[in-house]
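What follows is a pair of complexes built around subunit A, which joins subunit B in one and subunit C in the other.
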Partner chain A sequence: MDNIAHARAQALQLIEQHGIKTAPVPIERIARALGVKVQYAPFDGELSGMAFIKDGVPIIGVNSLHHPNRQRFTLAHELAHIQLHRDQLENAVHVDKGSLRRDLLSAAGTDSTEREANAFAAELLMPPALLAAALDGRTLDLENEELVAGFAKRFRVSTMALQHRLQNE
Partner chain B sequence: MMDMEIYRLLGLAVAARRAELGLTQAEVAAQIGLTRASLANIETGRQKVMLHHVYRLVTALKRESILDLLPASFAFGESAEPVTFAGSAVSESQKAQLEHFVRLAGNR
Partner chain C sequence: MYDVETTGFNKRFDQILQFGAIRADDDLVAIDRIELRSRLLPNVVPSPKALHITGVAFDDIISTTRPSHYQMVCEIQRTLQAWSPAMFLGFNSINFDEEFLRQAFYHGLHPIFLTNTNGNARADVLKLVRAVATLHPNVLTAPRDEAGRLVFRLGKLASTNGMVVGQAHDALADVEITLALCRKARDGAPDLWSTFLRFAAKAAVLDFVRDEEAFAYFEFFGGRQDIHLVTRIGVNPTDANVHYCLDLSADISELRRLSDVELIARLKTYPRPIRKLKVNASPLLCPLWELGPDQLGDFTESDLMREAESVRMDHDFVERLVRAAAAGERVFEPSEHVELQIYGQGFLSDTDSALSRRFHVAPWEQRPGIAAQFEDRRLRRLARRLIYFERPDLLDEAQRQAMNNEISRRVRGGPDEMPWLTIPNAMIELEALIAELEPAFHGPLNTYREHLRARLVQISV
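So, the complex of A and B:
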């Protein structure tokens, strides 16, 4: 049983609480405001990030070798685990490889916590209100690569994350 | 066993850098005055390393400083309980890397 709607609602609540009105969403500031320690380190290229609790403090590790946009998505994804799946972090360090892998994108693939974390991250980094404001009544043609790239840059996300977000609206 | 963790980290760094340079274990071992088997054991963290070998490794792997292969400081035995992982499956070498991060995390 996954709870995508709940994950999205939690992300939107953070956007409101922090009064985020313009892109890019200050994801690291939000995480720190929630009492999360964010630390960057050069991990093996396959690993994107991790979330765990140490001495009661939630900690997120992000692979510093990845592209900054990917690091932002990783951070948002790990923040989801802390906000939504904290009970599971009490006994084990949660490790994530690529969170936007093809198998994670398919609805059938992988477990509900990862899908929830991706939904949370997408909503947090690309909130509907900010997307709508940026679109300003236009529809974003996903085949217009230049336009998609421009939007991705504005939100500081990968074009892949943006495309996936728009297709799952 | 905690003592071996620093050797695992060194081994990981050596193996990664050697692969980056496209050198064989035999080529690097020859420059350092070790057998290929010893270097293989060092890379897997099963063999303790002499200090002069560490410096020779730095040179052989075209690095500037031992800090390119080793952390500046290391907390031995701190939080000795094993770290449990969940989520994506990780290899032994990734696990060593992540364990080290978890042990140091929050202290920096």
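So, the complex of A and C:
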């Protein structure tokens, strides 16, 4: 299993462990259940969030000036760093700036931990089983903005995140 | 963080005399600051009580060494714009400073929602302090008055909590105290601090109240900090920022049995089963799963979730509740006074927004021409008034005389009660204040009395 597949599997395991059956996925509650402290603060500029360990407690900072959907993706992305890359966090603060956008624009240039965190976040917020249930056998026309927006709203993610997720199924 | 000192307490008719703001980073370290003052506008009569509290002399506020109100407002707008995107905080700011600031922007032909649009958010530190002082009294202590009620005045909070207090009611000194209170809350009650910051943005509040089946709403009312366990049931049909939330501790079976008329009456009695939550006023909210048994009281999270779900699934009941809540709302008639027309007419058109930007950069000689082009009648009136204040020579004699007369009528008042302070009413307030105060404080008030008398004579002529 490569690292991306492992990241996705870890996310799905959380969905199962927490008995998530309907969208939207309660990402903050999952984080808290994992012993993570979530703190909101108005960070400067494009800084989306950060993850770090303080006195043994994993902490995720989320930019409170960003849109709630973006905050949810940030939270899931930072949770990935805590779940997947904890050893790297022990001595450093991990800071992210619009990681999904950066990944979309320059997939090849993004380092592997970021790609894993994005894959984890996408899987956690839009698990295949919940997507399939929402689609109910239909195919989502990604050109249909209204329909995509409706689905994104149901999962409380941005339309860009949903489109990216469906294109990378 | 910012604070204003004003000519009085009337947010629509008084003006800002001093504006102080500190720009802090996300560690609450001050990185920039600004302090601005303005000269008294000719159509504003300062409240003697406000002058006494702020300790500002009347001679000072009419001094030509102070910038005009318009100059100050433009400088505030430029600075806050340069600091954006940001979270704008103040102490008791949602009801007071924010409203004064918006009114100043409105009179100065600037966009009024600067602090909560285009990526900005706003929150009121008073709400945070009330919650922290109640839930974590070891972090922040609120002093009590003689009757034993908690007091949340900035100066008293500062001295009770061992903070260095500068000159009371000086805008920048008050901002320093507000910043210190925030640091204390952040360090001692990080979860509340995080919640406070999270719900400063309207989008975050909307998202939360729509998505959570039930949640906790911290509300300070009647000198008490309450935690209401509620579910959102609808929106005020005349104000989309007011959401109705049903208190799940109410006797819901009883409410279901009431007729429509009985329901309207019941919603007006205490304890009110419906809480009004203003989504754009930085409410303090919390998911039920974060609450401890003390805060949940006799309920469990699953009981409350079940009750909330049963209410929200009962569409007929929800519709009746929302209708009854809306029926109890006060209806305000549109005002003839341009100051009171600040809200309710939506955002400016693109044409007017572009015109107002042109107005600010054009030479004064061109501004009367731009003012005449505004589609919005309110802006035409405000622009004309602004030109009269700044460059009366650019108006023709008839317009100038009309403005003179309007201002004289305004400050002189008449037999009817006016929504602003007139000179005769200021004199009454002043005499009562002098009677109440020690003679040591009479000097500045006597000076102000002379000014008021002289002004009355002047406008009578």
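What we mean here is this: the second predicted complex is superposed on the first by the 161 of 169 C-alpha atoms of A that agree within 3 Å, B and C clash if a C-alpha of one lies under 4 Å from a C-alpha of the other, contacts with A are read in each partner's own complex, and residues count from 1 in each chain.
To be clear about the criterion, a residue touches a chain if its C-beta (ideal position, glycine included) is under 8 Å from a C-beta of that chain, and two chains touch if they have at least 3 such contacts.
This structure is a prediction, so every number in the text was calculated from the model and none was measured.
J.: Would you mind checking whether subunit B and subunit C clash or fit side by side on subunit A after the superposition?
T.: Result for subunit B and subunit C: clash.
J.: Is A:Ala92 contacted by the first partner subunit B, the second partner subunit C, both or neither?
T.: first
J.: Tell me the contact category for A:Gln39 with respect to subunit B and subunit C: first, second, both or neither.
T.: In the superposition, A:Gln39 touches subunit B and subunit C alike.
J.: Should A:Leu65 be classified as contacting the first partner (subunit B), the second (subunit C), both, or neither?
T.: second
J.: Is A:Val57 touching anything from subunit B or subunit C once the two structures are fitted on A? First, second, both or neither.
T.: A:Val57: touches subunit B, not subunit C.
J.: Stretches 7-15, 25-33 or 439-447 of subunit C: which one clashes with subunit B?
T.: Among 7-15, 25-33 or 439-447, the clash with subunit B belongs to 25-33.
J.: If you lay the two complexes on top of each other, which residues of subunit A touch subunit B in one and subunit C in the other?
T.: 37, 39, 41, 43-44.
J.: Which residues of subunit C touch subunit A in the complex?
T.: Contacts found on subunit C: 25-26, 85-87, 119-121, 190, 194-195, 197-198, 200-201, 203-204, 207-208, 211, 287, 289-290.
J.: In the complex, go through subunit B and note every residue touching subunit A.
T.: Going through subunit B, the ones touching subunit A are 83-88, 90-91, 93-94, 97-98, 101-102, 105-106, 108.
J.: Please give the residue numbers of subunit A that touch subunit C in the complex, ascending.
T.: The touching residues are 24, 28-29, 32, 37-44, 62, 64-65, 67-69, 71, 156.
J.: What part of subunit A is in contact with subunit B in the complex they form?
T.: Residues 37, 39, 41, 43-44, 46-47, 50, 52, 54-55, 57, 59, 61, 88, 91-97 of subunit A touch subunit B in their complex.
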